[in-house]
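Got some structures for you, see below.
Paired with subunit B in one complex and with subunit C in the other, subunit A is shared by the two complexes that follow.
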Partner chain A sequence: MRILYYPGCTVKATAIRDEKASLAVLEALGFKIVEVEDWVCCGAVYNLPRDTVIQAVAPIRTLIRAESTMRKHKTSEILLTLCSMCNHVLKMADNMYRSNPDVAYKLDVYLSDEPNYEGKLKIMHFLEILRDLVGYDKIKEKVRRSLGGLKVASFYGCLLLRPREVAIDDSEDPIVIEEIMIQLGADPVDYPYRNECCGSYNVVRTPEYVWDRTKDIVESANDYGAEIIVTTCPLCAYNLEEGQKRRKKELKGREIPILYVSELVAYAFGLDDALEPEVKVLIDRMVRDRG
Partner chain B sequence: MAKNLWREKGMVNLAEKIYEMTGENVYLCYLCGKCGAGCPMADKMDYLPYQVIHMIQINDMESLNAKSIWICATCFTCSVRCPRNLDVARIMDGLRTIKVRAQEQTIDLREVEDLDKLPPIALVAAGRKYT
Partner chain C sequence: MERVGVFVCHCGRNIAGVVDVKKVVEEVKKHPFVFHAEDYKYMCSAVGQNLIQEAIKKYGLTSIVVAACSPRMHLETFRTAAMSAGLNPYKVEMANIREQNSWVHEDPHVATEKAIRLVWSTINKVIGNQPLKKVRSNVVKRCLVIGGGIAGIQAALDVANSGFEVILVEKSPTIGGRMAQLSETFPTLDCAQCILTPKMAEVARHPNIKIYTLSEVIEVNGSVGKFKVKIRKKPRYVDIEACNMCSECEKVCPQVVLDKDFNRSLTIRKAIYIPFPQAVPPAYVIDAENCYGVGTTRCSECVKVCEQNAINLFDTEEIIEVEVGAIIVATGYDLYPKEKIGEYGYGRYEDVIDSLQFERLIASTGPTGGELRRPSDGKVPKRVAFIQCVGSRDLQHLPYCSRICCMYTAKHAFLYKHLVPDGEAYVFYIDIRAGGKRYEEFIMRVQTESKVRYTRGRVSKIVQKGDKLIVHAVDTITGKPITLPVDMVVLAMGIVPNTKEIAEILRIPIDENGFLQELHPKLAPVESPIKGIFLAGVAQGPKDIQDSVAQASAAASKAIEILSKDYIEKEPLVARVNKELCSKCGVCTQLCPYNAVEMTPEGAKVIEVACEGCGTCVAACPSGALSLANYEPKQIFLMVDALLMKIPIPEKS
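This part shows the complex of A and B:
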């Protein structure tokens, strides 16, 4: 199956590990990935006032270009996103365009240099593709190397689960990452902070608040016996990792390595080329230490 | 109560302004406090989300100067939990937008520490929310 792929700014920069692992996993599962031509940044956050449409211009421009790529390369209508924030923004803009004809008209005027958006795409996050298109059973079949009961704490963050109209799973009790981890032979840890916010972009203006936040999250995961935290959001990954370094002295318990969900899946599938060498060594050591 | 500049100048009140901008009717709020109870940034805020909403209800312009509206990270925890179905995050964004549209920006990206270390996603998001 040929699917479209929208990387977004950070997946091509600090989260390149996530891209490498995710694309390798999907290719191993039989998908052909076609990157959207000339994509633009989505804006990372979706400004919520309804009296303006400017926040939707960049994401809709990307969606228009995704549609042209779809026609040119004859792919399916599925648009893959890896980053939680891109997933949120593209879905919000798509919803706004489809549900409100006035907004759609205004956006068409703004984007008169592009063809009109036809609204044919289905935007899906990496986790949604694993759950809905691949299925948990098929993931289990593909596992070459079990994670041997590794205690994995999943950190969903905010924008994958909220608001409801664009959520990939239940806002209060999500389960998709845990289910995937069970298929890989890991032991998911249920801890109270898994669907909470890490402080997000506050890291730019008031980093102290974010470090306090991430300290709470990591300590909670520690209390419940987590050995590793997995996430899909490049900003959560940065905040959690940097927060542990900044609060090293105050932090109760060990530092916990932060990985992307895709990296553990790639490891379990035996796709060593898709992993950074140090990540592979880290998971190897953790799995071996458990015996 | 703070001086009501808008009313003196014959302008609409804050609740109406918020309704116009975001489509959220703040008078639906009955101050149950659920948004404040679940807010991950609550301990850093000077006014909890329902207090900010109450200030809008009584047309207190101090709500526009609350630190809380900039500390809110738009994580939507309050929005999905509100028993009155108010999109609290959207109201907070409405207040921010009033300030931003009045050119009262709260960040200068040139003065950010760790500018070279931060992932692009953080800078883009902060740029969109604070300026």
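This part shows the complex of A and C:
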């Protein structure tokens, strides 16, 4: 199946590990990935005011170009996203365009240098593709190396699950990452902070607040026995990692490594080339230590 | 030859402000059957009615059309007036030119044209009307009360005290309902059991009341005055008359199960048990799902020790059929399940409990004998958070206010402070709704005398950390986030009605939230849209004990109004069969929602007292053998013609 792919800025910069692993996993599952031509930044944060359309301009421009790419390369209507924030912003803009004709008209006028958006795309996050298009059974079949009961704490963050109309799973009791981890032979831990916000962009303005939050998250995961935390959001990954460095004293040696979901899947599938050498070594060691 | 009189009402400026009533009179006079037409300011007034009566006599009118408000408002008025002038009431019809015209249109030109068409079409109908007589049927002097909570108990007692028989049906093993589970009641802090059990005992000994516990109404047919009811009585396995409550059976019963119902999973009981000591009827009951004796294996330890020989493990289900004249529905409520509120722990944390669990924990009859101990480790909680509006006033759960939670939370916090004087009570609220008599004073007392800390703000999440629960909230007055470690959390869960099945069985509508729909929200709050069925308690809408009791008494008096009559008069607008056309296919008998059509060797036959005139059978009859009195196809076609035909349209003024 040929699917469209929107990387977004972060995935091409700090989260390049996620891209490498995710695309390798999807290719191993038989997908042909076609990157959207001339994509632009999604805008990163979706403004909530409803009387302005400016926040939808950038994402809709990308969606228009995704539709052109779809026609040119004869792909399916599925548009893959990896970053939680890109996924959120694209879906919110798509929703707004489809549900409100006035907004759609304004955007069409504003974006008159592009063809009109036809609203034919189906935006899907990496996790949704694994769950809805691949299926848990098929993931299990592909596993070459079991994770051997590794205690994994899933960290969803907020944007994958909120608001409800763009959520990939139940906002209060999500299960998709845990289900995938079970297929890989890992043992997911249920801890209360898994669907909390990491502090997000406050890291720019009030970083101390974010370090406190990430400390609480890591501490709670640790209390429930987690050996590793996985996420799909580059900003969550950054905040969790940096927060542990900044609160090293308070954590008293209870730090937990942060990885992308895709990296554990790639490891279990035996796709070593898709992993950074130090990540492979880390997982190898953790799985081996469990015996 | 028909002689029709038309009377157009101004309704002050309600109609005349938009519709040109003079023009309407002028135009309808052109109808070939209209002999007389006039307008008047208020047709429903004594003068207006007199106008109609005079005209009937003066012009020898045979049919009347009153163009005014909805027939729901005044059809009876005009029919009665016409009757006293010697006209058959079914020769009077109303054209609704207010609700369906002047109130919804602004353009006088369009509204006037529409009024003319509506009146013209009603004239076309009334000339085909047959003079009919009301159908009379006898009244069965017995009342069915569904639900044995405080509302059902009050209604049953009121009806029984007026000298009528009452059948009280309760699905659990005892009457008493939710009120029996409560510790104290707001705002007076009477002990719930102390004020409820005398009423339960009164029901038990009342000669006019027959109680069926472990029973459910499964079928209701017929109509006001004579409902035919089927009740399924599940086996109790214990003879109510013989059981002397010695409790020997309970001692030997080897099966220990969670007490899910009465004590809300806070304690255990045996498979043979009594819900609480004052249960009515006072007899043990076997929980068949958990008993070793009722299934294929036969344990029968209880049978061996019962000196009264009261236990029969071979007891079976019974179907009871009764006829009643009126029905009162008081099926009560459940709490909205706390498992649906993910952010408060999805029922994962043992010390996050719902409001009824808290009632049981502080009740002297409860699992801890009235000592407050938290479920997880039995410690006395030194700091408790009470969260209001859980599930209620939340668009993701219940959009409505459950009305009782502000008051019972205040009561909970108050009682907590009395049980644990050195404990701290925090209440999180959106706003306090204390609209009843002495309610506001009670809230003030709790806030000042008991030093309960009220914080305006919602709780976003509860997190367990060690043996503490961390409450994350926001104080919306200071605008600051709060992190509060507590020992126990009490969720003031919203309430949801138990109406789904009973509404289907009785064919009464429910509203968007599942509450039974009353006939009119202000003027007929205890009547259901089906005659002879009345509503009481939370089944109709959230309410506290005071209001439930008041509504139950109101429903009882409505039921008594019917039971005290010797016969019921019913509208004669029923289906009729043309036997020559009937092919006896039986479609009508299957479709009739009221079981009012039966098949005889001569063809379909309509039971007039049961027929509600809904027209389902008429529409379905493949051979056109059925028709509805005064709604004959010919009349309807003539009405449609008038609505669509080209009639002279008044000029724009």
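One rule holds for everything that comes next: the second predicted complex is superposed on the first by the 289 of 291 C-alpha atoms of A that agree within 3 Å, B and C clash if a C-alpha of one lies under 4 Å from a C-alpha of the other, contacts with A are read in each partner's own complex, and residues count from 1 in each chain.
One rule holds in what follows: a residue touches a chain if its C-beta (ideal position, glycine included) is under 8 Å from a C-beta of that chain, and two chains touch if they have at least 3 such contacts.
Predicted, not measured: the structure shown is a model, and the values here were computed from it.
S.K.: Following superposition onto subunit A, is the placement of subunit B relative to subunit C best described as a clash or a fit?
M.R.: With subunit A aligned, subunit B runs into subunit C, so clash.
S.K.: Considering only touches as defined above, state whether A:Pro192 meets subunit B (first), subunit C (second), both or neither.
M.R.: Only subunit C; A:Pro192 stays clear of subunit B.
S.K.: Looking at the overlay, what does A:Glu37 touch: subunit B (first), subunit C (second), both, or neither?
M.R.: neither
S.K.: Should A:Pro49 be classified as contacting the first partner (subunit B), the second (subunit C), both, or neither?
M.R.: The answer is first: A:Pro49 touches subunit B but not subunit C.
S.K.: Name the contact category of A:Glu250: first (subunit B only), second (subunit C only), both, or neither.
M.R.: So A:Glu250 meets neither subunit B nor subunit C here.
S.K.: Report for A:Thr10: first if it touches subunit B alone, second if subunit C alone, otherwise both or neither.
M.R.: After superposing on A, A:Thr10 lies in contact with subunit B but is clear of subunit C.
S.K.: Touching A:Ser171 in the superposition: subunit B (first), subunit C (second), both, neither?
M.R.: Both subunit B and subunit C are touched by A:Ser171.
S.K.: First (subunit B), second (subunit C), both or neither: which does A:Ser220 touch?
M.R.: A:Ser220 contacts subunit C only, not subunit B.
S.K.: Given the superposition on chain A, which partner contacts more residues in subunit A: subunit B or subunit C?
M.R.: B
S.K.: Could you tell me which of 202-210, 454-462 or 508-516 in subunit C overlaps subunit B after superposing the two complexes on chain A?
M.R.: 454-462
S.K.: Jot down the residues of subunit A that show up as touching in both complexes, subunit B in one and subunit C in the other.
M.R.: Of subunit A, residues 164, 171-172, 196 contact subunit B in one complex and subunit C in the other.
S.K.: Please give the residue numbers of subunit A that touch subunit B in the complex, ascending.
M.R.: Checking each residue of subunit A against subunit B gives 8-10, 13-15, 41, 43-45, 47-51, 55, 83, 85, 158-159, 162-164, 171-172, 196-197, 199-207, 209, 212-213, 234-235, 238, 242.
S.K.: Taking the touch rule as given, give the residues of subunit A at its contact with subunit C in the complex, in rising order.
M.R.: Residues of subunit A touching subunit C: 164, 170-173, 192-193, 196, 220, 223.
S.K.: So in the complex, which bits of subunit C are touching subunit A?
M.R.: 341-343, 345-346, 396, 461-466
S.K.: Which residues of subunit B touch subunit A in the complex?
M.R.: 20-23, 40-41, 44, 70-71, 73-77, 79-80, 87, 89-90, 93-94, 97, 106-107, 109, 112-114, 117-126, 128-130
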